[in-house]
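Report on one structure; see the data block that follows.
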């Protein structure tokens, strides 16, 4: 039990912070309740998916700077297709497009041997341009059921929250426990040792990026579902997803962390914005607060882990 | 509605760090200050997309505001949140651009007209024929699309006008300037320039490169307007696109809250064109100038009939309960 | 017992490959000229105006324009090259440059041009020192650290700008002279850039500090073993990077003459790209500022090309990304390193 | 033996850039056979093992598995063909726990547990993170994982180097048992005792070439050494009487009660100017910790260090350098900037202090670097990047760095690891010369014969303590060998 607690201390700490922040919100705004949580869950939706994708590529030892652009591509793809065909095939195509884009990123990294950060920086432009080519101006439409699917409650929980958790769990849990998941961690942790343990590290890398693409597709679809249209301009998801992944305990460099921590971190970051809005804090100060939290938490994490290592 | 006789108004805006939007926010603050019955103003002001604006609007709803004044990132994308707001009796006013949600009030700068007015003046100035450079905003953004519609409408009316270069400045000063230098470097002649608000750096590019000036259409940004009077040989026109429409939005929201809703849900603030080729136009420009203003700020800091704050108040940029 | 060096004869092609690998600037410069040639083919007369009757065999206007806008990019790329030498990166440079420009433009009228510039530079210094402290002591990844300080600086800038709305903007005359003036057909910015570039090249090659940057990036443990205290280096490095970014902001202010709140932000990603195209390794230990300068020129030519190309905006952006990828992939292939 | 061998490799070659690690390596192993793969450091043993198990691609050569020509493209394929290695370096994933590491390699857990127990570790929990486990345990886990996969041929690369004696015995026992049951074993080791107890046959590599196959029989050591070294090289003898006289007065380096928990406990010795003090020990007896503390990488948990009689305390290697203690680590990859030039590598300490961040004094630098290069006869034909130098020359660069700055106290940790005999012959006199010119040298070596060649006396470390001090004149290999196994004190008591 205590070993389990120690292993998951970071995530547990985050959960405690989240609960405290919820309490704080309630204290500031006594009327904050189910409706507030529901809209919080909806706001977190695209961030959660972007962060899940980012976390996976960071775990495999890379980084993907093109997540926001891939989300835009998937959002416009879905919006354009849903105007013309059934929602389900359009949705499947959008997911396929996401996987394909991620796989292309991964394959380019493995084949060209250019560092991840550089490849995905270039691909950031490529996918951004692609989104504009697909849809020049915001438009298209999203299927009603998609829009309704993330609004309101089911089983007493916000649907958006269920969608986030269920989809990420559905994709990640089976993978995490599988050989592929282990290979992802192994490659990120020590690529040479992984290779010697029989892991096909190149293929693992490509699959990890493809998974990131899949989550970006979900993120793009949730953007389309939220807004009802497709917007070709990438939103502010890149930096937010790196920040949330790192806050969530995923270590830049690879091999460490999971998806639960980053998802909790996404909710924390969202609720902080809610709190700052409720407190009518000057929006410019909000930016400063967000930056400070990002740096502060990482510094704190670094201090805690080095201390832990010393005593261990 | 507030029982204690004071309203809290929420503001949502999705572009930060652009002079026009900063003026809009300051106008909102100043107007809220002078409206006696506004006691609180919550500003959600950051760079984000439609999904982020949805989040901000929902947060404002949670904060229990009486009205929301927003500059929408997209006319169609925000309906879910706006409808929720209106269901709860919150007054919704969209400024600068429209929204399609039923029941929302729109106090919008007419972007299509903005582009049309300026383009028509330019084409007219060229005698109905010639080559123009068309410098747009950000690809894929609603306001840019609206303006493109207006521009194309004008273009259709002047079949002998030919667009030799079309480019997106990203509403970035440095990009616009570099692009103009690139056009000048090609040596391919053109007769006029239409810009989507990145304007004085374009004039600068001509002056710095020593290229002969051509007619230039821009917005009523302080820097460009002063150039219209100061730069010798510059023929140009500024189309008003007042950021102070934000202040007007606050005034409208308060009116509605006080039961004085206008008859129509939509009020279009039509742009005005100030050109420096006639005596009359010059006089208007001279009157509008304000050398102390941030050059990115539109000089039309007030909208007569709508806003009540003073110049000092908008520059102080403080809302109720601040400062 | 493997000191047996390979003595088989080497085929000519392999030899050429090795020569290229030892002189990686050569393919880069060749690529730059290919791009320029492509531009000339696309828009005849832009580079060589013999036919259009403009000045000179090579258009000084075009060249000076190319050089002028490449300068701020190259200066910010210097920040990336220097930090990447130690396997870092500085994502706060765009915002720092913007802050410096804005602060200088709004303070000149009240406290005079020189103090205003000094205040602007000290803003860069402060951000740099904070970055350095985070990287050196808390061991925060530079990516996160500089991202965070960038956000904080943005917020501070926004707060500050509300205080100075009515102050008016004044750009120091010497910055304007540097930014838009010309001497012998070349931009005056070169008066800053040439000494700057010489300084950076000198710093990297001929000073102890430069040595240590390379050393820290190629093997931090070896540097430690030799008595290098890395925190001192990180602190100095990021402070220097902040100062360079602030200087760039001042120069850019003189060039654009419009201190917007996002003035230099669009230069951030291109500055990383310029450094990478120029052969600087993101993993540290390898980098060249000369390469970054060529990288900046390549990006500028590419921008001009895409601006002049009549095609949908989306296609322009796609092409931009693909060319960056192609150049770096080629580079990695030629030098056989990453 | 008339049956087809399990594994038969011929003509294997492999180059890393200009370094030819293997030129013509050959090896066979049959069922139930334990073949020792021997060779000097850098002969190519590990490279050979990696090629046989798919971790490296050979440039040339043929590998027959049970007579079938098989391309082993990856470690996974090798495993499917029945070849399972334990590499010289631990190959478990640090950020996964034991159970996940097993699943990654499709290792059955039940047999793994049994093997772990059989190898002498009773209390292993499968949810422990690899990063938290000590090196010796990792080696055992590596072996247990390999055994659990029921290999046809087991390849062990210096498996026992990092193990305490009790575990070594278990390992040898298990390996012998498995061979008895028909497994083929390739056993890489530098330890003759192990080889003569365990192996049937020895294949000797020299300069990447298989130079002989020997049956293990009494007296085979001589022959093996001859094969490993090529021509018999006379390493020379030395007169140690002069140095002994210098050992008086204030020591250059005084160490009292030094401890670094948990590996090093209560070490005291004096090192005088003009003296070369050897340290000998098996792997993992605390020598790494001793050098780390003296070099300023770690703080001691107890004890004092004094330099020229003044107590010192180091928070960073820079402090140690300031006190004149300079360190050459055993792993040259730790010490070298592999992509930088020889000159930069040697001159690195010149620029380390903030005061020296300014312009490089090129003349001074060229003089000092030139001196070091000449003194060590570093082959500078490929000086543009240190990684293009041969291993021996790389090693010389790490020493040259401190030669250029001027040496007071030199901490050499196994300086001849991975370098050839010719270079070794240059290094011993150099170390002597340094001492004669007033330097003090602490010299850890894993090769026992070096004590007699380079040192004045040797301290024997066992289990983190000094168990014996042996004068160079008495330091023949059997004496040292007994001492490092902790046998001297027992004998002395007896």
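Labels A, B, C and D are assigned to the chains in the order they are written; within every chain, residues are numbered from 1.
The working rule: contacts are C-beta pairs under 8 Å (C-beta built on N, C-alpha and C of every residue); 3 or more make two chains touch, one makes a residue touch a chain.
Please read all numbers here as calculations on a predicted model, not as lab measurements.
Chains that touch both chain B and chain C: A.
Between chain C and chain D, the centres computed from C-alpha atoms are 45 Å apart. For this pair, chain B with chain D, the centres built from the Cα atoms lie 72 Å apart.
Between chain A and chain B the centroid-to-centroid distance comes to 34 Å (mean Cα coordinates, whole Å). Separating the centre of chain A from that of chain C, both taken as means of CA atoms, is a distance of 31 Å.
Residues of chain C found to touch two or more other chains are 154, 158, 162, 313-314. Among the residues of chain A, those touching two or more other chains are numbered 131-132, 136, 232, 282-284, 286-287.
Listed for chain D are no residues, as none touches two or more other chains.
All chain pairs that touch, listed by label, are A-B, A-C, A-D, B-C, C-D.
On the side of chain B, the complex with chain A involves touching residues 16, 40-52, 54-56, 58-64, 74, 76-81, 138-142, 144-145, 321-322. Against chain C, in their complex, chain B makes its touches with residues 16-19, 22, 26, 139, 165-168, 170, 172-175, 177-179, 181-188, 200-201, 204, 208-209, 223, 291-297, 315, 317. If you check the complex, the residues on chain D that touch chain A are 55, 74-76, 79, 85, 87, 90-96, 100-101, 103-106, 127, 132.
Contact residues of chain C toward chain A in the complex are 134, 138-141, 143-145, 147-156, 158-159, 162, 269, 272-273, 276, 281-283, 312-322, 324-325, 328-329, 332-333, 338.
Those residues of chain A that touch chain C in the complex are listed here as 63, 108, 112-115, 117-119, 121-134, 136, 232, 239, 242-243, 246, 252-253, 282-292, 294-295, 298-299, 302-303, 306.
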